Amino acid sequence: MKISDFDKAEILVQALPYIQEYNGEIVVIKYGGNAMVSDDLRACMMADIVLLSMVGMKVVLVHGGGPEISSCLEKMGKESKFINGLRYTDKETADVVQMVLAGKINKDLVRELSSHGAKAAGVSGLDASMIKAVKKTDAGDLGFVGEIESMDTGVIKDLLEKGYIPVVSAIGAGQDGEVYNINADAAAARIAAELGAKKFLLLTDVKGLLEDKDDENTLIAEVKVSNVRALKNQGIITGGMIPKVDCCVEAVRRGVKRTTIIDGRVEHAIVIEMLTDEGVGTMFT
Amino acid sequence: MKISDFDKAEILVQALPYIQEYNGEIVVIKYGGNAMVSDDLRACMMADIVLLSMVGMKVVLVHGGGPEISSCLEKMGKESKFINGLRYTDKETADVVQMVLAGKINKDLVRELSSHGAKAAGVSGLDASMIKAVKKTDAGDLGFVGEIESMDTGVIKDLLEKGYIPVVSAIGAGQDGEVYNINADAAAARIAAELGAKKFLLLTDVKGLLEDKDDENTLIAEVKVSNVRALKNQGIITGGMIPKVDCCVEAVRRGVKRTTIIDGRVEHAIVIEMLTDEGVGTMFT
Amino acid sequence: MKISDFDKAEILVQALPYIQEYNGEIVVIKYGGNAMVSDDLRACMMADIVLLSMVGMKVVLVHGGGPEISSCLEKMGKESKFINGLRYTDKETADVVQMVLAGKINKDLVRELSSHGAKAAGVSGLDASMIKAVKKTDAGDLGFVGEIESMDTGVIKDLLEKGYIPVVSAIGAGQDGEVYNINADAAAARIAAELGAKKFLLLTDVKGLLEDKDDENTLIAEVKVSNVRALKNQGIITGGMIPKVDCCVEAVRRGVKRTTIIDGRVEHAIVIEMLTDEGVGTMFT
Amino acid sequence: MKISDFDKAEILVQALPYIQEYNGEIVVIKYGGNAMVSDDLRACMMADIVLLSMVGMKVVLVHGGGPEISSCLEKMGKESKFINGLRYTDKETADVVQMVLAGKINKDLVRELSSHGAKAAGVSGLDASMIKAVKKTDAGDLGFVGEIESMDTGVIKDLLEKGYIPVVSAIGAGQDGEVYNINADAAAARIAAELGAKKFLLLTDVKGLLEDKDDENTLIAEVKVSNVRALKNQGIITGGMIPKVDCCVEAVRRGVKRTTIIDGRVEHAIVIEMLTDEGVGTMFT
Amino acid sequence: MKISDFDKAEILVQALPYIQEYNGEIVVIKYGGNAMVSDDLRACMMADIVLLSMVGMKVVLVHGGGPEISSCLEKMGKESKFINGLRYTDKETADVVQMVLAGKINKDLVRELSSHGAKAAGVSGLDASMIKAVKKTDAGDLGFVGEIESMDTGVIKDLLEKGYIPVVSAIGAGQDGEVYNINADAAAARIAAELGAKKFLLLTDVKGLLEDKDDENTLIAEVKVSNVRALKNQGIITGGMIPKVDCCVEAVRRGVKRTTIIDGRVEHAIVIEMLTDEGVGTMFT
Amino acid sequence: MKISDFDKAEILVQALPYIQEYNGEIVVIKYGGNAMVSDDLRACMMADIVLLSMVGMKVVLVHGGGPEISSCLEKMGKESKFINGLRYTDKETADVVQMVLAGKINKDLVRELSSHGAKAAGVSGLDASMIKAVKKTDAGDLGFVGEIESMDTGVIKDLLEKGYIPVVSAIGAGQDGEVYNINADAAAARIAAELGAKKFLLLTDVKGLLEDKDDENTLIAEVKVSNVRALKNQGIITGGMIPKVDCCVEAVRRGVKRTTIIDGRVEHAIVIEMLTDEGVGTMFT
């Protein structure tokens, strides 16, 4: 299909109100899952992020990295051990988590953003003591799995002020001198809250919340935070969606204006959500 | 025709290199002719300008106003007198020129840009002594028709620095205390040069330079400044195009990187030229 | 009379406390009437304004323009229609008001200030959406006569910060997309209030408030805002003075420290009021 | 003589071009002699200096203090010893010079400027190592009488930038750790040169250079630096005027635009010279 | 004793926490007594002060000068008169106080700091109207002995901001136009309070507060402000220590975090107190 | 050995000239070898670096990481292959290099600096496209071993300006989209040159250049760059010292004022070299 010059221009002009709305505002994007492992999807997302940055938004990219951690552990011949579905993280695994997140994925993302012409810089929760962590204890002994004790986003603010797209790895240091693996959704939600972000986008591998989980046509476009408990009771929010929704609720409660779970499997999902009339995914308010 | 979300996003992302290229750069647009009198065209152009501004360009809008001046003179029952096709400007006419340009057209443009969400402010060549004029003498006595003696774009720079879209009326003050009517194309070209603009767009009512003036399919996409003399000799640059091309040549010579005559009759011509792969009109290099 | 060097120096030195008092402070001057139409008076006033600016005050000049509007309408053969003494402003008249105020008077003032060596820039209530207007309805249908709905003096502040003397035309845009004629006294008073001006000078063609309106020796030097109602009842504030006094009262109530009606027919009235021991006119406190 | 309000305003307005000319410019004033010891003259001069400062000039005041030094030495019962008309300065005398200049006169001037509403701060050539001195050797052994080896006016610039009127005492420190008495005329001329002053005023107790030294009506208004040698040969520049003229020549040569010797015995001589049409004294160009 | 390189480095590194603690903080030092008259002690102290400055503290030095004042009065053959142990200050004595403090001691300190490579500038309570004084009346008529009526530390802040070590002489101007001698301990305490200093060091000629005034091993390291009354009653705070302790109490009450009386007879007492584990003297909290 | 308070203070004060000399200056430290693997040595060095930073130097830390890379490869069961003593770096190895340097060592150093109270942030040559690399070809095919093609130290400057200690990993991106292992000594030398560092410290595991390589008492304290060729010919610069010396020569040639190879095996070698009279190692000039 050939799109006419006029139509192209119209689409660009129709983005104007969104560009104006988010001009100079902070947008935090939690990036993970398929969007990360498919080369095509990742290239689309990186272009999307650079575009948002160029039209005046202050984008912060927070990433996870489960699959690459597993693959690295495997290469080292180290067996993964799970407790209640959560990976047990011994000292050696914690080292691998740090290396893969802060050394491999973070720098690969920085490099890909750079290749689209952006000025990007990667930091971890260890840099400038950004994330102070404590051992997570509410789900049995998971080793060096931590929760956020406190957060100092000074280094992110400094990078934004200097015009960089900060790319953030979710690890934190404990007062015991140890490094802890931090859930990246939770870190991203907290960063969005601390920065007073106007928008928090959480990319996942589902379409959003569905009335009927087997029918993608039953997408719930908007959810009031006060209804979340009911939706859990009704079994609409279940399984792996529960912690993701909890992060969104937390972000909304701490003052992030708009928090949306979007489908990272859709090419250009970020630009579609941010710069077109089409909303994608489920927004929490 | 329904355009898919993906295609919309693709079009936006394809604008990225252009947005990056002009980020923080000055773009001077000379606006006049049909683009000014058709409501639809004007609305498109204003939206285009606001979009360029929002994606990081520093846009300066310079306008003429022949038809509205004529219409106002007519209301006053004042006959227009022409010498060699140029309007003779007596004292009373000079007053009307000042009023219509700086009071009517300038403020209407400012208001329309504001209605698209932009911060616009209108100034004339009289403000902060921007344009110093001398009586034009090379085409007979035309009364208060002037040429630019010197230009101080300080007020434009100050407005750009404070985030405004400056809208500029082409009149100037002489050392004799009189106000002179200045050719708006020439003023725009000079402003582009003084500001070190990266792009100068001159909107007209033709498609651009044509090899065969009766065949719009023979558009010349690019002209070297050194070839202009030859093109005049060949009769390809003729009539009303001659002063317009001379302005472009002047702008290029004074250091403006890209100078283009584009077709102001095409909706969104500005955005098509600036943010898509499609060039429109004729570029001088 | 030859004034000695010593006396000249003494007069300059005696201005010191006034210069110190208003150093860096905002002074809003509403300029109109005879001061505007007499060439000599106008030249004096412009020199006065530039002097205040040079000795460190931030001067804002707001102007009206009744006589010139009438004269332009007349040239167009358009009859003026009055309702209760207020001009009925149809669409065509509104256009003329805009042209004459923002295009003729504003730019003439800017040019005259420039000729005294000042950096002046003219803006209207339409620029940067400074004045939002609504149709005035409390005095019958007057067409496009408006009242101030809200005011954003950002562009004035930006110009002051950059060292300009802002010259302001009192017109405003309605949400209906129309341009409204705004009472310049009211606009000036409101601008003074919004800017936190230390002084508001309202130039008129009378000596000030008189105990006995036929005896200029009965000037009332100072009026408490709380006494205005009584003075109206006593017939001391009557006719055209009522709206002017109301503007002053409004300015005082909104926090302008000193508000004075002075006699615009006196040469150098502004400098006499601001830089000498002689007060002129009536001050509201 | 009663001066009318209009005349007062005219005098103020006539100062406008001078205020504009020196706006933001540095003016260095060497203050000494009678202007310093007469209470009335001193009060006039202080008011003058504060006025120049308030209308936008950056004034630096450099002072000497011969009479007060003598008086203090006398109180201490210390005899003054002169060699070729220059005071021999032993160690104890050097201490007294430092005390009287930096502690008494400097602070008295600061206090008097403050009482006129100015923000003044006093420093000496010892502060921030402003004046590096070497022993003067070309007029016999005068003890701790020094010449300027080098000058760092950083502290004066810092004070000017922060809005102070710097008051400067002419003493300097040698590399030998000793404090030297520095000729105040020379220090002032050098400070003017180092600061790129637009004007250097040297107050003395004479009317200026006179063709006939016994006839004050033969004042020479302007002297070309290139003619100074001739004037010395003619005996027009003689005695105590020689070093003063040499300082002025030095200032002009080092780039000070206007250097004038004025009569410090005239009340308000500074304001008359700087803000009125009347020049006083002799200007070197 | 030869100290090894490692030990030297260790001592430097051990200073790190103190350097960090006071980085960018204001430290006010009252300097007087023996520390001032012994050349060796003074050299040590000056080096100490420059070191604190170089490692990031904002040091303000306030000085007294009793002995030098007495010596100057003596040279002038002027007898000192004491009332209740306090010097009666007639007009002539006040002049000497001003000269000696602001002209001699202040500038000598500035020069000595400069010789250690620091950028120092001396001001008195008269500069920029820093100290407004009133006649002290609670101890009989002492002439021109004053108390602090109000303080404006603007000039000190400006000097600190520009990177200078301000050296301050304790004199003040009354509204009566007279100069008053101000107790330097009180001035220093007040300056510390006004600046929000983190530390106030008061150098004296004793070891600190002693349980048994005849046994230096009974030093009281820390005193609660609330216990001061009791310690006075017990005779532990007596005589000349009473006003010094009162100044410290005042400083603590006005918000200075740490206030310490240290022994100015100990070489490098300032660096030992500020940059080593060893506290010296008595701290008030 | 107990060191007296006075001696401690003396040592601190003796550091003053060095602190002054390097105040605000950039110091680049290449850190590697034993200093990195011994916990005690590393703790000393980190404390040293934080101290330099706190006393006003702008420290940049560049690190290598050979041993940790080998250890990680070993865990993955990957054999190391060497060509002419240089490690062949296949794609998988390049990934490990990136992970270990940018993810493990870099973040461990950042964390350790933080634990000493510093604000540190780690970046790699990939961040903000700092290091552009090309395949190294002058020593056979070594796979993804690269040389520096160009360097943009903008991100380091931004971090320094914001008060961080930048920690830099030596990897670079090629235009082919691949990541290359860069020699850390060379990267550090180039960074020092690009930043206009005043000092470049290269930590190694030797005492410095020795006249007789078997006698540590024959240390050469200073080497002229012009003598390096001769020293190579004499066999004094041999083996692994050759590339290190070449880096130093390069740094000196590009304008680094002082370049020194120091012995990283000595505790506090950095502080001893930078803040005491004792030089350690060999300086190139």
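Labels for the chains are A, B, C, D, E and F, by order of writing; each one numbers its residues from 1.
Assume a residue touches a chain if its C-beta (ideal position, glycine included) is under 8 Å from a C-beta of that chain, and two chains touch if they have at least 3 such contacts.
It should be emphasised that the depicted structure is a prediction, and the values quoted were computed from it without experimental measurement.
Graph distance from chain A to chain E, where chains that touch are one step apart, equals 2. The chains in contact with chain A and with chain D alike: there are none. Of all chains, the one whose Cα centroid sits at the greatest distance from that of chain D is A.
For the pair chain C and chain E, the CA-based superposition corresponds to a rotation of 120 degrees in steps of 5.
Interface residue usage between chain D and chain E, two copies of one sequence, is largely shared: over half of the residue numbers at the contact are used by both copies.
Against reference pair B-C, the listed pairs E-F, D-E or C-D yield one interface repeat, D-E (criterion: more than half of contact pairs the same by residue number).
Separating the centre of chain B from that of chain D, both taken as means of CA atoms, is a distance of 57 Å.
Chain A and chain F have centres, each the mean of its CA atoms, that are 35 Å apart. The mean-CA centres of chain A and chain B are about 45 angstrom from one another, to the nearest whole unit.
Shown for chain F are the residues that touch two or more other chains, of which there are none. With chains as nodes and touching pairs as edges, the resulting graph is a single ring in which every chain has exactly two contacts.
Residues of chain C that touch chain D in their complex: 1, 3, 5-13, 15-17, 19-20, 23, 44, 47-48, 50-51, 54-56, 116-117, 266-268, 271-272, 275-276, 278, 280.
Of all the residues in chain E, the ones that touch chain D in their complex are 72, 75-77, 95, 98-104, 106-107, 110-111, 114-115, 119-124, 126-129, 154-155, 158-159, 162, 164, 171, 173, 177, 179.
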